[in-house]
Amino acid sequence: MPPVSDHLGFADLDLDRTARRGYPEAVYCAGKTPAQVAGIAAAVRERPDVVTLFTRAEPGHAAAILAELPDARHDTDAGLLAWPATPPPATGGLVVVVAAGTSDLRAAREAELTARYLGRPTELVVDVGVAGLHRILARVDLLRRARAVVVAAGMDGALPSVVAGLIAAPVVGLPTSVGYGAAFGGLAPLLTMLNACAPGVAVVNIDNGYGAGHLAAQIAADPAA
Amino acid sequence: MPPVSDHLGFADLDLDRTARRGYPEAVYCAGKTPAQVAGIAAAVRERPDVVTLFTRAEPGHAAAILAELPDARHDTDAGLLAWPATPPPATGGLVVVVAAGTSDLRAAREAELTARYLGRPTELVVDVGVAGLHRILARVDLLRRARAVVVAAGMDGALPSVVAGLIAAPVVGLPTSVGYGAAFGGLAPLLTMLNACAPGVAVVNIDNGYGAGHLAAQIAADPAA
Amino acid sequence: MPPVSDHLGFADLDLDRTARRGYPEAVYCAGKTPAQVAGIAAAVRERPDVVTLFTRAEPGHAAAILAELPDARHDTDAGLLAWPATPPPATGGLVVVVAAGTSDLRAAREAELTARYLGRPTELVVDVGVAGLHRILARVDLLRRARAVVVAAGMDGALPSVVAGLIAAPVVGLPTSVGYGAAFGGLAPLLTMLNACAPGVAVVNIDNGYGAGHLAAQIAADPAA
Amino acid sequence: MPPVSDHLGFADLDLDRTARRGYPEAVYCAGKTPAQVAGIAAAVRERPDVVTLFTRAEPGHAAAILAELPDARHDTDAGLLAWPATPPPATGGLVVVVAAGTSDLRAAREAELTARYLGRPTELVVDVGVAGLHRILARVDLLRRARAVVVAAGMDGALPSVVAGLIAAPVVGLPTSVGYGAAFGGLAPLLTMLNACAPGVAVVNIDNGYGAGHLAAQIAADPAA
Amino acid sequence: MPPVSDHLGFADLDLDRTARRGYPEAVYCAGKTPAQVAGIAAAVRERPDVVTLFTRAEPGHAAAILAELPDARHDTDAGLLAWPATPPPATGGLVVVVAAGTSDLRAAREAELTARYLGRPTELVVDVGVAGLHRILARVDLLRRARAVVVAAGMDGALPSVVAGLIAAPVVGLPTSVGYGAAFGGLAPLLTMLNACAPGVAVVNIDNGYGAGHLAAQIAADPAA
Amino acid sequence: MPPVSDHLGFADLDLDRTARRGYPEAVYCAGKTPAQVAGIAAAVRERPDVVTLFTRAEPGHAAAILAELPDARHDTDAGLLAWPATPPPATGGLVVVVAAGTSDLRAAREAELTARYLGRPTELVVDVGVAGLHRILARVDLLRRARAVVVAAGMDGALPSVVAGLIAAPVVGLPTSVGYGAAFGGLAPLLTMLNACAPGVAVVNIDNGYGAGHLAAQIAADPAA
Amino acid sequence: MPPVSDHLGFADLDLDRTARRGYPEAVYCAGKTPAQVAGIAAAVRERPDVVTLFTRAEPGHAAAILAELPDARHDTDAGLLAWPATPPPATGGLVVVVAAGTSDLRAAREAELTARYLGRPTELVVDVGVAGLHRILARVDLLRRARAVVVAAGMDGALPSVVAGLIAAPVVGLPTSVGYGAAFGGLAPLLTMLNACAPGVAVVNIDNGYGAGHLAAQIAADPAA
Amino acid sequence: MPPVSDHLGFADLDLDRTARRGYPEAVYCAGKTPAQVAGIAAAVRERPDVVTLFTRAEPGHAAAILAELPDARHDTDAGLLAWPATPPPATGGLVVVVAAGTSDLRAAREAELTARYLGRPTELVVDVGVAGLHRILARVDLLRRARAVVVAAGMDGALPSVVAGLIAAPVVGLPTSVGYGAAFGGLAPLLTMLNACAPGVAVVNIDNGYGAGHLAAQIAADPAA
């Protein structure tokens, strides 16, 4: 099938990215009009062999996508749509996604779905912040079974340091914009994670659940893949 | 004894602060010349009834002070001098000072000495960062005996959140400038502590061991005092 | 009664925190959906022995909570709900909460209510900014009766320095986001308080009335408690 | 006398500024080589009718200037040289310069000398920070006699707000880089002064004693001047 | 008449400020509820001898004030209300207010009205930014007649430097939040003005037209006043 | 024709700027009321010899302008109106405008239209971000035909560095506010472009498509022009 | 062998970390005195079964370590010492470390040595910045053979985005403090990497070669390990 | 001659850049050891057909370069070395470099030399800051003869806005780190220039004289070149 190139006028889809990098294309909806997103959705409809993720989709984006791809999966919490709706068979190591608090769920859910649609088995753990250490300590067995752990945390962002000190696998620190005042929109947990005193913490952008899940899926991929 | 006022030309000592606030005067040496500090040391020599602390003393300051007050105590690690050298009898509750890492010792030591010269019993705990949780968990009994705990930490500054989740007493978070890059001279642990997800963390300025120890001494004072 | 754990799917309530730390659980509503908050409210209904505070509750949160806990107390100014509605008997030392200006009342009120529901006697003082020193000087007697003083101030945030210079008890500096321009959402008073030239100022996050009240309640608790 | 223009190759002296603006020229030494400063000093030697100030002069600059203008006045504390050495007769209203602490003296002294060489009567007050309000309250009479008051303060920078609340004349807030950590090189007191809750505070750059003194001299000039 | 004190519960009006400082009280409406502002308006109604300004009044505030003080003057551009509506007779030197661009008019108008209600004669000059120097050069005569000049400018904030280089009177630099991107809400012109290469620029907070006008009125007051 | 000056009260149009600088006047609509913009539109109607651009026009501004100049061109994507509608004949070198992603189109379109109305031939290239290098490499021939290239990019802002390494002509880096979290409203790509490791990148303000297009038009002008 | 705990007074070595996490202990020398570092070196001498890395060692630290462990390996470029000197046999996937410019070599070398001493095969690639794309494109085959790629880059930090777009393996972005001005000590490349438009970039702290190498070693470990 | 590639181990010289981009290679010395720089100097000695610039050379770098290339030109003010020493014949339009103050000379000189060695005729103008507008107005004729103007300015950075308003050619704004306090190492003039209210200002990194000169040389190149 020939590469699709420039045929939309406003976007040059990279559907061959799967072949080149081994991972599907994602469409970042924020900043695009619903009409632009609909155009992309129509274009990918001809390529069911490629998983396409639509991230940061507002309701208007989602409606436009679903008009073109009615059977796409729409996770409203995460603002994510996936097409085809069924994720690929799970291969590689386990990806565990941890949300420090309930308010971090949106980002954590985006990470988990991304890893799942990129082909990894996943599990989600919620509300295990460092203010009550017994919560995370009770999950150490699960955490040690993972080949990559995503930890979403806002405010003090201290949880990735603690988790990285407990396990051998890499931790993807996912700072969230949860909080107020001196959280400065997620700057505080971002800096915390960059300065994690335990080595083994990989940091992604604030609220970037997609990036965290993508990175975890790459880390947990089977080497032969 | 009459209030001492304006007699130095460049400094108006507040030796009656002990009477007014219940705590002794401290002289911040940074930004003063050795000659100015020596002038202050000479003035307090006439008031052995008042404990005087000299903080952030460089070697030049220390030499100038010791020339006037040869029997002052000089802690070179903390850059602190105290006169008279013997601290007052300990009253009030226990102040525990925790240094997350060896590099946080300077600030922690300044805090401990300050609390001790303000009249509290103190204990010091070192190298119990969150990268190895077993270290701090092994000290929970001691921490729970304290009426105030100072936690000095740089880099991710995560330890105060963890300690505050374990005990009922207030925690004084003392961010340090230990670290590099995105630690931004202590900004990272400062923000972490301000966003501590466990309530009960009081934050002071970066590297302000004196302020942390002073605050802990106030908190742990007997109510009747 | 057994620990309640993970039974909500999205939140792991820590109702035994009272036993462990001596203070009740608080639910931070911002970032949670009304449905999530309602689920938590339903869960705590079975534990009237534990005071539960709901902080930063928007009207939608409040309606959801009141549907489950109709007799909860709702302070609309502070965005706070408490259940059971009657605070515990007051013990420990007096907590005085000071609002520099009328615009700082929201944060000050949240601090006062928190300290009251954590069991301390409280008093509130309003509109005593440093632009008219006679106002705060007229309250020195009350301030000196407190075992902890919370000072909420925005803009220049200068009041905690002045109060700390007048009394022996610790001051909890509560910077507020009142102001505009170079107040930078509360950054200016936050920095002011961190650099207070009078020792004895403990700083909490911008607009964090809950944290300030909690800290003051801990400081003013009877040592035996 | 003809305007002096471009004759140095690297600097275009504006000796006619006195005629145009009513105030003398100042030479900012930082960033210039001693040789460049010497060249300027040689040029102004022919114009004893114009007061010239050399600011931020390091010892190397000072030596170069004094080689050309041996009878210039050199204030080493303030890093300032003035030529001719005798200030003009004092006219206009009184300028009072206040240093919150001893460490703020360098900036305060630069401000006072500048105002004096621009022709105002001046007085200097030292060590009257807000941690001991009685100090500044004891000087209210002097402050109320001034037509402009410069207040130099580092750390929390709270003093200008307090002074502005006490007097009718304008206050020039002069933030200094005294302090450490979250003082961020003077950013903290700069923001404090910009957010002064009392109106009537004019702010200049951090450590800019020259600018503060210049501004105060302009404010206190006789209207007819 | 006795001092009015604390009688509103939420605000302690300082109506004697005119006696103490020589300038009237201002009420900062932002962050206050309309009901609170109405309460203040009702209180000042009994003191027509004192000019009261209400700043940063949203429509809701304005309606509440006008219900209590129907004959107050309301300038909707500046968000300012004044009562009594007639300004006092003009005394002292001329205050010229300059708006670099049309978008700076709101802040400039607030400054002009404040100076006028504090008793100074005023003039307003608009749209004289440095991108077309001939505009400001055409006004030099007017500028040189002023005893104080307020210059409101956003974006590059370069105009105060230029004006200060042209006149002998002090310039009050009033940075505005006009602009986008790297203007950072007015931070850019604020820094520009703090670093003005011409001495004689006094800086106030971003968009603080009230403060700029107040300061200019103080500077331009007759010394005897 | 005489210069138009000050006749609007709130704006001093500089219609002679074309004569002085060789480029038309632009009216920045943000911060102006629709009535003010309409007044300006009415004034320029008498000068069809001068191209006038209205930038950052919200719908209310656009309606007001079109009421005065019904045949103006209105590009809703770019928020730009031009009058007269027909651009001048194209002269000078080619200006190529590159949008890294679809979300950067608004800024890119503003740049292209500005360059076109200032008289340059233009071409637009979309969706050629560095995540798929083959896209930009496929356009090298077009890029090498340009005398100036504008590159609009948000997020990492890496594209200008790459383009500048491929061509001899100057690159105008146009950072956009596309992105979230640590993009900090365009700060991230702004810093990236300022630190471009390839020389030849000229940076303008975030989202300043007008400025980028104006600069490119100046660079690509025929020297004789 | 029993856990070593608290026997140094100032440091609590975690030599059992290898057992718990699978990776050796590292000693961060900055902020420790040479005597403290020597004490640690003496302690680890009894455990040749554990690899110990000393990072950020100044010459004084290095001399103290070599006095205790004369056969340790000392890489002066990277400021790193390793003991025992022989790295363990290489297992797991290949780690490729890329330095965008020669000035990034220090950080890149620290990353490579860390990965090597943690047991991975490594290769180093130098001077392949995006200003000359042909350089990095010539190495694509090598990059595609890696299971993890570390990319050290200062200034614009654009290289990780480009590399991540070319390969399937995760990229560890290592921002360096190379550069000046608006590089702000590495903030610019840090933000660039956090906003990488290609997914698959894991970011660590500025100049944190140790952390980057550790993370890469974890990613490239054999799943069974 | 074949491309020189990777033969130094630590640097991959891009001597064919002249062919590809039309401009010579520059070697950024900061962060490289003298030995590394010497290796590069030895390599370019075989290519006298290519101009090589060494920027930001400390004395140690310069000595190492001169040992290999004894006849290189060394400008100690600008920290620049050029080899061969004779610049190419001047072609294209005039580049005028303006230094606002004497302290901005280092950056301005680096810009002028770069433009000269890239083949443009250049002129240098010094000490024409906006505090005395008559200075820059006296040079308008020269400025209008330029095809590109570089304006180096620190502190308020206001000069590029003023110059851009006077001429038709593009202005390259070169912010310098001259100043102190709220100049924040050049951040203030950088922001000023990015927000220039006159269009036509292209901004480069703080103190980046090389980049400014390179950009100006590209702009002023003959289109046919």
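Letters A, B, C, D, E, F, G and H mark the chains in the order given here, with residues in each chain numbered from 1 onward.
One rule holds for everything that comes next: a residue touches a chain if its C-beta (ideal position, glycine included) is under 8 Å from a C-beta of that chain, and two chains touch if they have at least 3 such contacts.
The chain lineup, named per UniProt: A, B, C, D, E, F, G, H = 1-(5-phosphoribosyl)-5-amino-4-imidazole-carboxyl ate carboxylase.
The model shown is predicted, which means the values in this text are computed figures rather than measured ones.
Asker: To reach chain G from chain B by way of touching chains, what is the minimum number of steps?
Answerer: 1
Asker: Going by the touch criterion at the top, tell me which pair is linked by more C-beta contacts: E-H or F-H.
Answerer: Output for the comparison: E-H.
Asker: Half is the threshold here, strictly exceeded: which of D-H, B-G or B-C has more than half of its contact pairs identical to A-G by residue number?
Answerer: Checked against A-G: the matching pair is B-C.
Asker: Counting only Cα atoms for the centres, state how far chain C is from chain D in Å.
Answerer: Chain centres of chain C and chain D, defined by C-alpha means, are spaced 44 Å apart.
Asker: Could you put a whole-Å number on the gap between the CA centroids of chain A and chain E?
Answerer: 50
Asker: Please work out the Cα centroid separation of chain B and chain D, and write it as a whole number of Å.
Answerer: Once rounded, the distance between the two centres reads 35 Å.
Asker: What are the residues of chain D that contact at least two other chains?
Answerer: 101, 131-132, 165-166, 181-183, 187, 190, 194-195, 205
Asker: For this structure, enumerate the chain pairs that meet the touch criterion.
Answerer: Every pair of chains meeting the touch criterion: A-B, A-C, A-F, A-G, B-C, B-D, B-G, C-D, C-E, D-E, D-H, E-F, E-H, F-G, F-H, G-H.
Asker: Can you tell me which positions in chain H touch chain D when the two form their complex?
Answerer: By the definition above, chain H touches chain D via 101-105, 126-128, 131-132, 135, 154, 178, 180-183.
Asker: Which stretch or stretches of chain H touch chain G in the complex?
Answerer: 6, 9-12, 14, 17, 28, 30-32, 36, 56, 175, 177, 185-187, 190, 205-208
Asker: For chain F, which residues are in contact with chain H within the complex?
Answerer: 20-23, 26, 93, 147, 165-170, 172, 190, 194-195, 199-205, 210-211, 214-215, 218-219, 221-223
Asker: Over in the complex, which chain D residues touch chain C? Could you list them?
Answerer: The touching residues are 100-101, 129-133, 137, 155-158, 161-162, 164-166, 179, 181-184, 187-189, 191-198.
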